[in-house]
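You will see chain A twice below: alongside chain B first, and alongside chain C after that.
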Partner chain A sequence: MDKSVIYLDHAAATPLDSRVLEAMQPYFSDAFYNPSSPYAPALNVRRAYDAAKQTLAQTIGGRGDELVMTAGATESINLAFTSIGGHVVTANIEHHAVLQVAKHHEHTIVAADEKGIVTAEVIKAAITPATRLVSIGLANNELGTIQPLRDIATAVKTERTKRLERGDMTPIYLHTDASQGAGLIDIHVSRLGVDLLTLNAGKVYGPKQVGLLWAAPHVRLAPQIMGGGQERGLRSGTENVAGTVGFSKAMELADKKRGNEVKRLQQLRDNLQKKLADAFPDAVISGHLKRRLPGHLHISFPGIDAERIVFALEMRGVLVATGSACAANKGTRSHVLTAIGLAPEVADGSLRLTLGQLSTQENTDQAAAIIIEEIIKERQRANA
Partner chain B sequence: MTKVYVGMSGGVDSSLTAALLVEQGYDVTGVYMKNWTQDLPGMKCPWADDLADAKRVAVQLGIDFKVFDFENEYKHKVVDYMIDEYKLGRTPNPDIMCNQEVKFKLFLEAALEDGADMIATGHYARVDSGKLKMAADENKDQTYFLYRVTGEALRKTLFPLGEFTKPEVREMAEARGLFTAGKKDSQGICFVGQIGIREFLTQYVEQKPGAIIDKHTGKVLGRHDGAIFYTLGQRHGLDLGGGLPYYVVGKNMDKNEVYVTTDLNDSALWSGNVALESVHWINSQPGEGTYKIRIRHRAVLEEATLFFKDNAVRLVLAHEQRAVAPGQSVVIYDNDTVLGGGIIASAGSQV
Partner chain C sequence: MDKSVIYLDHAAATPLDSRVLEAMQPYFSDAFYNPSSPYAPALNVRRAYDAAKQTLAQTIGGRGDELVMTAGATESINLAFTSIGGHVVTANIEHHAVLQVAKHHEHTIVAADEKGIVTAEVIKAAITPATRLVSIGLANNELGTIQPLRDIATAVKTERTKRLERGDMTPIYLHTDASQGAGLIDIHVSRLGVDLLTLNAGKVYGPKQVGLLWAAPHVRLAPQIMGGGQERGLRSGTENVAGTVGFSKAMELADKKRGNEVKRLQQLRDNLQKKLADAFPDAVISGHLKRRLPGHLHISFPGIDAERIVFALEMRGVLVATGSACAANKGTRSHVLTAIGLAPEVADGSLRLTLGQLSTQENTDQAAAIIIEEIIKERQRANA
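What follows is the complex of A and B.
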């Protein structure tokens, strides 16, 4: 990436860590073998692949053979939903990857509160005797809000116990798409209390189109992609060895530095937030101020056309996301901001600023100054 | 300060148009006309990207930017018109209809309503006190598409690119660092894009197999999936195998038959006499006499004599032209000024 560019969109994509790239490299060339081939060099590739899955599993407190490697998070979510079937409960702030799949099932979409939190109470109220799956993302991709998954898990467990007591064998599982939180918050599956978990390498400085679905041993998955029977028959197709090795390396690295990185990002984010809020007293910060991803800032400047700011910032080398409508999204307002009841003129002035490994004190300060300048300029132009 | 609303499509031409007007001291507002957003099989409609590009350039120029939504009107006035014409066995020109009904009518009206004094577009044409004139770049001149615009509309229109050639426009866009300077020109009818009119039409009209018949022998040479898809003079797409190329010389919409010939000199392919309908004069009706005409975009200007006879408008061409297809437009020029034109009702070799 151009060194002069300031990247503030880590929630959309993260740059591949050089150590991840290094770990992946051999599997494109020297160790290109098909892991299913019978000779020793291929067997070594198979071992490396299994070891990578084992490492990945360890970062979430699972076992390697409980993982199904997929081409990204969307496929993982599809596999989870389609395997379980039945009535599903999810929330109105979920990612399209969840909401669109939910539409193919009998579903209840619960409402998040105005801070973007999905409470265990609304989940409990939405569960019916036919509910087989509850799916709530660990952290919201727009607001950065971290959900009370353990409370939700308790609600699901209570329902499960009730069913067993009355001899009802209908299973009920909790799934979470943890793509946005991985590397930043604890995603240990037993501590979260989930039965299924989705991850995406592309969000943790690993390669894109690499993801996984972890499912607890008591969960029965059904394959969506048929063929040679790889991944215990649950996801056929020659294994993406390089991608999986890279994913594993990325998760390992994230795990190691998590404590310090979280503190660092939080500080940078809080500084950035303070600078912008001080400069614009009418700015609105959305999401939960405490239960929020450390590098995440969703901020709205009422009356401003955020997309103009995105383009103006782009010309000055600062890359940010609009927090809501943008032409590339066909002009539709963000369903998340509508869900939390943000007024249209506030929603349309939203920026999503997400810090990460490329963020430094220096470039974040620089970005703050440029953002302030451009917003002042835009307000002057609009009022002229 | 004169307030000008510029139609910005997200392409290099309209981007530079806006930039030039800003430099010339106008109070400029960029407007993206949202006319068509539907994806077609195998083709993603690029409207959202185009809109983003237009807006990006507007931000770069520091001008206001708006989106005017004409999607319903465009569907009715341009797309439906085109489909209906094809169903009648004719070959319409939707770009001409778009200029007449959308850009120089709806857009003009909406802009004036919104406070504009004038509109501007990135067309290669010149306007001189309500008169439409050919662009300096003969190769790029777009007056063929503009002949149905009114003089009244032209008096409120600016064409800043009329004096420049396309390479100059790219260069100027480049020099100004406009984001769209290197963007590829769009091809063909805007909403049909690269997939071709045939694929587009199959979305709207049923494919009906019929015979391709040799005009001279009466022999059935092959099958087609609808006479509607064929145009007089068409050479490609007949799929009749090797040998000499075949040309469409006629069709019978009732019988769903297409007639072809290998004889490029076949009299049915050539017309010297054209009857016009839906005639439109930009300012006033000219007198009878000899003018220059063009039967398709970028065609060489040909000499023709204009007659008014029993309420009909006729042209007698100095040289017979190939493939003068009903539904297409003939544009009439007096030197470099566009007088107007009409839609070909019928054409033949006899006067």
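What follows is the complex of A and C.
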């Protein structure tokens, strides 16, 4: 990347860590063998693949054979929903991947509160005797709000216990897409209390189109993609050895540096937030101020046109997002901002600033100064 | 790869061409942006992605926007079947990916002849008024037999015309998995006469877990994986830019060298075949001797145990396959060899030797000598 560019869109995509690429490299060339081939060099590739899955699983407190490797988070979410079926409960601030798949099932979409929090109470109220799946993202990709998953897990467990007591064998599971937040917050599956968990390598400085679905041993999955029977028959196709090794390395690296990185990002974000809020007293910071991803800042400047600001900032080398970088979002108002009740003139002036490994004190300060200048210019232009 | 190793399993997996990795590299690091992000560096990534799809499409005579990028051939096949639905016709020598998906539809499985050819006649006889999809692989992955796709296409067109004449609007499409054969034989979609075509980057010296489904403009696809709406809504998930750029480069390279490479491989294979057949007059060469992939040799040594030979050869640095390298095949007799009526004692003594870019005159000659030695040894052992 051009060194003069200041990247404030880590929630949309992250660069591949050079150590991750290094770990992947052998599986492109020297060890390119099909892991299903019978000779020793291929068996070594199979072992490397299984070991990578084991390491990956350990970062979430699971076991390698509880993972199904997928081509990213979207496929993982689709696999979770299609496997479990039945009535599903999810929230109006979820990612399109969740909302689109939910629409293909009987579903109840609950409302997040004005800070983007999905409470255990609204989930509890939405669960019906037919509910088999509750799916709530660990952290919202637009607001950075971290959900009270443990409370939601308790609600799901209470329902499960009630059903068992009355002899009703209908299962109910909790799924979370932890793509946003992985590497930054605790995603140990037992501590979260989830039955299914989705991860995305492309959000943690790993390769794109690599993801996984973890499912607890008591959850029975059903394949979406059939064929050669890879991934215990749950997802056929020659394994992505390089991608999985890279994902594993990325999660390992994230795990190691998490404590310090969280503090560092929080400090950078808080400084950035303070500078922008001081410069523009009418700025609106959305999402929950405490329960929030450390590098995440969602800020609105009422009355400005965020798309113009994104362009003006880009001209000055600062890359930021309006809403989330999802193909379906093009040119429409974010469903998340509508869901939390942001007035249209506030929503339309929203920037999502997400810090990460490319962020430094220096470039974040520079970005703050440039953003302030450009918003002042834009307001002057609008008032002229 | 260890230089002393002689790789004769190009049908199972191919090493990434160094020029392909070079083409991919920028999209791992410098140009890692999410193609759906709004700023110019991301739009450049989007352009590179679209250009790669366009180049890819040109190698098959299609257009970039007629492609859906997938995580390999298996997903592509699943997408084709799930989209078209209805009664499907396929053959008993097809890859597990096709056979497994076909089982989830009303289906007729026709029989290949003893050379592994699926004739237009058996297809014609199997088509019912409810048939919506005929799926026949361009070249069989075990035998290397190339199917008479143009004749099958004519049969499908005849049925289509008949339906239209009687006012029956039930569509009927021809799909081919061209994963085996791409880069070696003509896969121009109009010349093949197909409506849908599957390709796999991992078989043409491109990255693994990258594939595509081409569909003619008159074919309506339906998504299997829903979410952000990428690939015209047909396959959601952040795009695999590096993978697609690599696939495109791999197909371009294959196209350029095809003429010479085909001649070279054919000559190497014919020499190898002659040496083995001369040494073992009872050896059985399966598949069609003329309509066959240039680097492909399926040869059986009646009475030997192929699994022991694979191991013995591996000890001497020669990597070969028995049957196809597919997870589901482990320890069972190949369904393809059973389908073409090979006697069990012949089938169990089968090696699949597939030559490719790693093959040279020198290492193929060496391999021939080693194979001959090991089979003589094994026969002596068996007779002792």
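Keep this in mind: the second predicted complex is superposed on the first by the 376 of 384 C-alpha atoms of A that agree within 3 Å, B and C clash if a C-alpha of one lies under 4 Å from a C-alpha of the other, contacts with A are read in each partner's own complex, and residues count from 1 in each chain.
Here, contacts are C-beta pairs under 8 Å (C-beta built on N, C-alpha and C of every residue); 3 or more make two chains touch, one makes a residue touch a chain.
All of these numbers come straight from a predicted model, not from anything done at the bench.
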So in the superposed three-chain picture, is A:237 touching just chain B, just chain C, both, or none of them (first/second/both/neither)? second
Partner contacting more residues of chain A (chain B vs chain C): C
Partner chain(s) touched by A:308 [first = chain B, second = chain C, both, neither]: first
For A:195, select first, second, both or neither according to whether it touches chain B, chain C, the two together, or no partner. neither
Going by the contact rule set out at the top, does A:381 touch chain B (first), chain C (second), both, or neither? first
Under the stated touch criterion, which partner chain does A:36 make contact with: chain B (first), chain C (second), both, or neither? second
Taking the superposition as given, does A:28 touch the first partner, chain B, the second, chain C, both, or neither? second
Indicate the residue numbers of chain A shared between its chain B interface and its chain C interface, in ascending order. 307, 311, 314, 326-330
Can you tell me which positions in chain C touch chain A when the two form their complex? 1-2, 5, 9, 12-16, 18, 21, 28-34, 36-42, 70-75, 77-78, 95-98, 100-101, 104, 202, 207-209, 224-230, 236-243, 307, 310-311, 314, 319-322, 325-330
Which stretch or stretches of chain B touch chain A in the complex? 37, 48-49, 51-52, 55-56, 58-60, 62, 64-65, 67
Note which residues of chain A are touching chain B in the complex, please. 307-308, 311-312, 314-315, 326-331, 381
